[in-house]
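Next up: the structures, one after another.
Look for subunit A in each of the two complexes below; its partner is subunit B in the first and subunit C in the second.
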Partner chain A sequence: MPIHEKSLIRPENLKTHDKLVLDGIDVSGHWSTFIETRVVSDYNEALEEEISALPGGEYIHRCWQCGSCTNSCTVHAINPDFNPRFWIYLIRMGMESELLRDKDIIWQCVSCNKCTYACPRDVVPEGVMKATAHWLERKGHTPKSPSTHFDEVFTEQVIATGKIEESRTIRRFFKRTNQGLMQSWMVEMVKRMLRHLPIGLLSRMGLATFIAPRTSNWSSAASAIQEYIDEQHDKQDKALSLSELIDVAQKDAAA
Partner chain B sequence: MTAKKEKYKKVAYYPGCALEGTGHAYNRSTKEVGKALGLDLVEVKNWNCCGAMEVKNVDPKIQTYLSSRVMSVAANEMDMDVVMAPCNGCYHNLKKAEYDLKNDSESAKVVDRLSKKAGHKTYETGQVETIHALDWIRETIGEDGLKERVKNSLSGIKIANYYGCMYTRPRHIFPEKDAGPGSESTSKPHFMDDLLAAAGAENVDFPLKTACCGGAHTLSDSDTSTKLVLNILKTAKLAGADVIATECPTCHSGLEMHQIRAEKNFGEKVEIKILYFTQLLGMALGLKARKVGVHENISDSIGFLKERGLG
Partner chain C sequence: MSKPILIIGGGPAGLAAAHSLGTVGKQSILIEKEDRLGGAPILSGYAKLVPSGEWAKDAIGGMVKRVEDNENVRIETGAKVVSFNGEPGNFTAKLSNGNTVEAEAAILCSGFTHFDSVNKPEWGFGTYEDVVTTTQVEQMISSGQGVRCPSDSRKPKRVAILLCVGSRDRQIGREWCSKICCTVSSNLAMEIREELPDCHVYIYYMDIRTFGLYETKYYWRSQEEFKVKYIKARIAEVTSDGEKLIVKGEDTLVKRPITIPFDMVVHAIGMDPNVDNDEIANTFGIDLEQHGFIDVANRYGVMGATSRPGVYVAGAATGPETIDDSIAQGHAAAMAVLSGLKESAKSA
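Let's turn to the complex of A and B:
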């Protein structure tokens, strides 16, 4: 049969034969394209559980595959491969290797919550995207995304001082991700700001290194937060069987 | 209506981190508009960051705690019952914390534990009501009140009103929205449109009011953000707008930054003016452009405003 919806099938799964004779009938040309037969055997049965153990993934089991999330998705509109409904399906089926094909774009969810707004089952797909992106990183399938680096730089600063000072966050983020601060568009932006702005005010707005704002008497809140985060991290490691892995590795190294 | 009118006259003001940095002009214009309208803003004492999206990504319950601390200070240390946040991020997070504390006992437990360790009273749900700067002006002064006070009409200015994501989504944290006549709509918000129309402006039909600018990845995935912003800017222009009015420092700087980035990196020049709604209202109330920080904006609207007798 000719395949009309070729765009729905991954190109590597399509086989076209130049010359093909089946049961004595020449089916070359129009009738010679087939979909490769696939047998999926490497299910990760724990996949759904692992993702629901991470913050945001809690409600993945509610999904009934209506597709409203993908249909409303901001990122899907600019990249058709970005498909929350499909990924939720793969996770629930345990099809880890299929999911891994898209591992480098899942973190690109912009958290606009259009999906959460549209979802009839309160899955909170936005949360599932975050949980999945974190799962990929925690399991070592992807390096930390720039977005995770940004979250970490930001959170470290909030824990340390109670507040954010934007330019400091930006500088630290660029440093951590090895990017130059002097990108041409940034230079242009500052140039335009300078048109009407006294330099003193500009430095107060953007470069407030000297008067880094902080919340006073913050230290007990800071240590309480850090303690809680560490605790959660340990719990999640267990859920992802990472702690077991670490144990085994340590014993192995000791032996 | 009248109950809110009195209640919102004096509110605890939570500017948030962005208003001390890139959102400086929004901070300034909000305070100036409050002054011009005779409304009382008392800044939340020794406030902390609400956690924004970044802390939520690291751990949602920490974000709930951070937001709850702000509300706890307002309620327990200042005896206030309304917190007004002009930043969509802050507004959203305080609302979200209220919702989580009410509906998720695990969140409530974590917040209690952290509050005790940090040495302050645990916030109890219902102690404060969180509102946006739009609610604040709309309930206290309202459209009719504004009309009476307008000194320089915004007539002849065509505006696309941009609300972004966090002001309306997800729906469940805003129980007061979509609640019948007079309430805000989550699919087609109109509070900013209504206020600017009362000040004489002409609002264009703008379908991307609640589209996302990609603010979450403004620096970590800049090309995506630039694409999303470009779409918003071009659509506003096609709809006939001279100005995009904003009500959030993050949305505002997102549009400003990526307008330049689109020009520099993608070779796409739109040149639309981006102004905070409080800057527009302030000028309509007779304040000078400088007073409401128009010169702090990146997109240049000074000449345009002068031509129309503003500033």
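Let's turn to the complex of A and C:
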């Protein structure tokens, strides 16, 4: 009989054994291929709460699975595996292992927000995608993405000086992401800047690159921002049970 | 001399009809086969009603009191009509308690019967104690006992509500949608989450039919405020591993089979035609529609007309109906009776 739902059988779930005898019957080789169970045997009820504790994920519980987000999705048009509706469902039901199968494409959301405007329940799927990508990083399922590194150097600089100095941001970003500074587009851009920008502006930019000026009376604002960020991170760590994980790891290390 | 109107059934529809007639000074006789008035909301011990949120014993209890206090209503409980003969304006009915009454018209407010979940044995009702019906959960709430697993009175950590039990199912000859179970279930889910905030509630559905304004008040609110989870799956079977109930089915949105443990499984039972409908149809000489509910002969001209002139019908006797619509139909049928009598007086 032909297998009609062949697409549901995942290659990694196909098991063949070179030598296997069960109850006296030889089941070795390709003719005795086994398929591992696809049965979902439980839900992880914490998953939805974890995602909704991260910025952007707050409204995930509203979803009723109409598919407007996926149908309007820019990335889905290019990659049919990119399916926000499906991931929202997996998160809501707590099918964590299923979600992790797609961990390497979830970050691909381009934040065009077409889904945000299409969603009849105001779930803000774009926010959910962002929260999910961050969740994957915070839980250690995926490495920090370049955009997370960029956000970090950007924020660090704002807190330190109250200002953004682009060349410093770029340099630190390249360093964190192990990229060389002398990239051809970069060299070309600097060359053209030298050629076309007025001397006064260039010299001020050059100076700022080295002395990093601070906004006056910045320190109290900086500490208020830092305090808020720490507070938010603590809250998120708790929601994601990260602090417990860290405790366990520290105890293991001490023992 | 004018004769009274016969009202069969003392539920929401019958109480409304009796009240309407009594208020305009028309005599009626209210026949109820059980020993007290109130119908399903009282006899089955419903908790808070949809959509008012009022307790059934207060809301419907108030209707009962109003009718009992009405001097134009004569109440006969513990009685059925065994024969019914005559013409509009001049019927004679014999009751099971031996009384004979004369009536100008009759309104059938005989309601429905809850689906008996034993007829879906694969879903474990009658086999496992912790498989219960929505009616039982209503009783747990209305009695003040709270939602507990019947087997050992523990607070459930996880509850599954299965929709369409005894509805939309050709296998058991019940092809109709019972109309209110989706709304009642989302209401119960919220009540459970309110009483037991640590208890997760999952609703397994084929479609969600929280019609009209119930969409936001029940379906959306249960998802958005109470975090009730809706899974599109028709459950194949409910079994037990000795400790927990095991619910098996297919999650159709992810095309994955599921085998999930639960503490309690609730059947959202549907509305069957009243078990006495064949007897009622014979006694009153009226037609039933294809599912076995009482057929409504005229949809646009006369409210609640049956196939027999002078015999009217209101409420869930005509098919699955909400409480407020049953009440509206009871009032409307009373109005139809009165205008019908005026018409025949004119033509006479």
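The rule is short, and it goes like this: the second predicted complex is superposed on the first by the 180 of 255 C-alpha atoms of A that agree within 3 Å, B and C clash if a C-alpha of one lies under 4 Å from a C-alpha of the other, contacts with A are read in each partner's own complex, and residues count from 1 in each chain.
Going forward, contacts are C-beta pairs under 8 Å (C-beta built on N, C-alpha and C of every residue); 3 or more make two chains touch, one makes a residue touch a chain.
Just so we're clear, the structure is a prediction, and the values are computed from it rather than from any experiment.
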{"item": "Partner chain in contact with A:62 - subunit B first, subunit C second, else both or neither", "value": "second"}
{"item": "Between subunit B and subunit C, more extensive residue contact with subunit A", "value": "B"}
{"item": "First, second, both or neither for A:93, with subunit B first and subunit C second", "value": "second"}
{"item": "Which superposed partner A:38 touches (first subunit B, second subunit C, both, neither)", "value": "second"}
{"item": "First (subunit B), second (subunit C), both or neither touched by A:71", "value": "neither"}
{"item": "First, second, both or neither for A:111, with subunit B first and subunit C second", "value": "first"}
{"item": "Touching partner for A:165 - first (subunit B), second (subunit C), both, neither", "value": "first"}
{"item": "Parts of subunit A lying in touch with subunit B, wherever the complex brings them together", "value": "55-56, 74-75, 78, 108-114, 116-117, 124, 130, 145-152, 154-155, 158, 162-167, 170, 173-174, 177, 184-185, 188-189, 192-193, 195-197, 201, 204-206, 208, 213, 215-218, 220-221, 223-225, 227-229, 232"}
{"item": "Subunit C residues touching subunit A - in the complex, by the definition given at the top", "value": "200, 208, 219-220, 223-224, 227, 229-232, 251, 253-261"}
{"item": "Residue ranges of subunit B touching subunit A (in the complex, touch as defined)", "value": "17-18, 20-22, 24, 46-49, 51-55, 57-62, 65-66, 69, 110, 113-114, 117-119, 165, 169-171, 186, 211-212, 214-217, 219-221, 224-225, 227-228, 256-257, 260-261, 263-265, 295-296, 298, 300, 302"}
{"item": "Contact set on subunit A toward subunit C in their complex", "value": "5, 8, 38-43, 45, 48, 61-62, 64-65, 86, 89-90, 92-93, 95, 98, 121"}
